[in-house]
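There are two complexes below, and they share chain A, which is joined by chain B in the first and by chain C in the second.
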Partner chain A sequence: MKRLMAFLVIVFVATGGGAFAGSLYPEIPKAVGAAHPEGSAFMRINHMKLLRHDRDETMRLGNRDTQYSLKECVACHAVMGPDALPISVKEEGHFCRSCHEYAAVKVDCFQCHNSKPDAGFTALLAQSPAASSDDIAAYLDGVTQ
Partner chain B sequence: MKLPALNNEAVRPAEMNRRDFFKSGAAVASVTLAPGVTLMAFGGEANATADADKRWGMLIDVNKCATDCNACVTACSTENGWKMDGNPETDAQWIRKIDLTHKETGREASLPMMCQHCEEPPCVDVCPTGASFKRADGIVLVDKHTCIGCRYCMMACPFKARSFVHEDVEDQAAHAPRGKGTVESCTLCVHRVDEGGVPACVESCSATGHGAMMFGDLNDPASDIALALKNYASIGLRDDLRLNPGVRYTNL
Partner chain C sequence: MLSTLYAVLFYVATIFMIVGTAMKVLKYARTPAPLKIPVSPAPRTKKGVWFRMFKEVAFFQSLFKSNKWIWIFAVLFHAGMLLVVLRHIRYFTQPVWGWVELIQPIGVYASFAMLIGLLGLLIRRIVVPRIRYISDPSDYLMLILFLGIVITGMGMKFVMPVDILAVKQFFLGLMRFQINELPASPAILTHLGLVAVLMIIFPISKLMHAPGVFFAPSRTQVDNAREFRHLSAWANQLPPLPEGIPEEGDV
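After this line comes the complex of A and B, so read on.
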């Protein structure tokens, strides 16, 4: 059933996707790494809670092996500019900006944090494996929720 | 509110994170503190790197520190992404070199000056939001998520170790976030220390061949720094204030 749903969604996106090009919904850039196992809908609602929890773990307790970190968000969701380098949140099309602008929610993170990944991080991501079919199914589950 | 990490191995099984704990189906460990008061430990915080058994510190040999050398300052600036932009009034300054001349004897000394990572940090005492804090392993930090930029800590610090960020900052290092309206200071390169490294200033000091800075765990009697402190006379700056700084100086 899951596979059928996934197939249907793909067909729907492939055929009808064009109709949404001029829609009012934000165009959210695709990430390069594997999809969140929790699903995108969950992340859309809870990303700040997860980040806030893990930032305190790292900052206060020194736990640098947390599951969620802003460092990884900006790396995996990096959007490349015309010069093939990641763009900052000040430029249109940045992952965080695309949605936050639409929802009219101010992002304070980047007053202190860099909205572009480290050079080392970009290289690391290039080596990371592409999303597996399970990851894609999880992602699509999130989309259809 | 989280329970503080428990060091009792019977209560907190070592190397077990929350997920393993639930997977194992182990019973919840509990300690009776007083009749009717029970402390329950759910897997604990075994991942925490800030170990309360450690106290990170530094020993600086002033005789080995060269007057014309600025390597530690440059290394810190490169590592943590702060710059001196020619506005000494407002520029960030996590570490600086100080030249001293004894008025009577004329002896000249040069030393690096930064956050002294006090055991009793006045900056933590005065912070109204709890942003200024000391980690379990003795590193004093600013949590910029809660810092409101009141600068009480800058007033309280007897070492002038903290600076306020006056301008917008861009392209920060990923491991050293910093932004306008918050206070900052030496972090003892906590991102390196957590991964078993040494601070950038110490590394650069040995790279120049001076070797004036030593970093290590003051609580470990076998560490180089503890042995050096045991065998040679050293002082903490402003010992009269009884702050017990983690940074100590010899031959000053």
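After this line comes the complex of A and C, so read on.
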């Protein structure tokens, strides 16, 4: 019995038992723009399919007028570092990393693509039809903070 | 409600599997092997037996010697399952261990190996007349159960993804005796339900060949009957004959 208890304690410690004090769920940074019309739950399980589909559309079929774009993802979900500039996927706390680390899924996108929004990303966001003026204001607040 | 049901199911299944398997293994360990019966050519030293068991467990040597095509399917299935199971460690550890993160993509390919192996073994049961004759319902059941698990698992990877963050939260929670919400997607519920069934029937199924191979006297015995007298432990401990029974030569 003692041996069994010791074994269970070892398993508990080895699997990072104490790593999470309260929540067992990763901390997902809030995005600044309007919410996805499809809902976050849909996006959480399907984002890779949308991106992959649009990649094929753009790259293989030459259709640049696709519905989803990685640039917009990265812009709206940018997380600001201590210098109030967007952080890259190499840094702790990047939006993509929060879940991908938890689920041990490698992100291939940023081997080629930029994980930080471009300089003109505010303009890009403003064009996004789903974002209302309030959303943009909220976003700009997020930038200045 | 559903989450609670599955939480209880998994606690019960885990207890069944661990306690049941331990009881069976204890039984195997205590079962006497009164005769020296290693299948020749057998190693004549203990080291040799270790080597033989390694070849048997890692490469299914005896199956390789007896039937090549069955061996291919068996290896595809077992090696695939090993990688797939290792891949699933990510759901039970936080942070995920480095090597588990590294083998994630390999595990995806391994699922195809597992599927091909299972289909091959199932077709073997149906198509080969001798095997079909000796196949019991439980033989089919285990294959179909594994097929169900593999197909729902691959379905979640390739066709209808589920919220694996919530799934991981559910299992991390179970390991800390708290019940979190499980996503109510048919694929994950079927997958987990079948796994729970597998865990429950594991100790009373043919899957016990996994621990059982380590207790097979025909493989684990050293072929040294010429050097040493083989006397099983229980025979050594027999009490002297009761009074009144004549010893040899008394009459």
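Criterion: the second predicted complex is superposed on the first by the 99 of 145 C-alpha atoms of A that agree within 3 Å, B and C clash if a C-alpha of one lies under 4 Å from a C-alpha of the other, contacts with A are read in each partner's own complex, and residues count from 1 in each chain.
Simple rule for what comes next: contacts are C-beta pairs under 8 Å (C-beta built on N, C-alpha and C of every residue); 3 or more make two chains touch, one makes a residue touch a chain.
Since the structure is predicted, the reported quantities are computational estimates derived from the model, not experimental observations.
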**Message:** Applying the document's definition of touch, where does A:Gly62 land relative to chain B and chain C: first, second, both, or neither?
**Reply:** first
**Request:** Determine, under the contact definition given at the top, whether A:Asp83 touches first (chain B), second (chain C), both, or neither.
**Result:** neither
**Prompt:** Who does A:Ile45 touch here: chain B (first), chain C (second), both, or neither?
**Reply:** second
**Item:** First, second, both or neither for A:Cys112, with chain B first and chain C second
**Value:** first
**Request:** In the overlay, answer first, second, both or neither for which of chain B and chain C A:Pro26 touches.
**Result:** second
**Fill in**
Note: overlapping chain A surface for chain B and chain C spans none
**Prompt:** Which of the residues in chain B end up touching chain A in this complex?
**Reply:** 5, 45, 47-50, 133, 135-137, 141, 143-145, 169-174, 177-182, 190-191, 194-195
**Message:** For a test of understanding, state which residues of chain A touch chain C in their complex under the given definition.
**Reply:** 12, 14-17, 19-20, 24-26, 41, 44-46, 48-49, 99, 101-106
**Fill in**
In the complex, the residues of chain C that touch chain A are 90, 92-96, 100-101, 104-105, 161-165, 168-169, 172-173, 175-176, 178, 180
**Message:** Under the definition above, what is the set of chain A residues touching chain B in their complex?
**Reply:** 55, 57, 59-66, 71, 88, 111-114, 116-118, 121
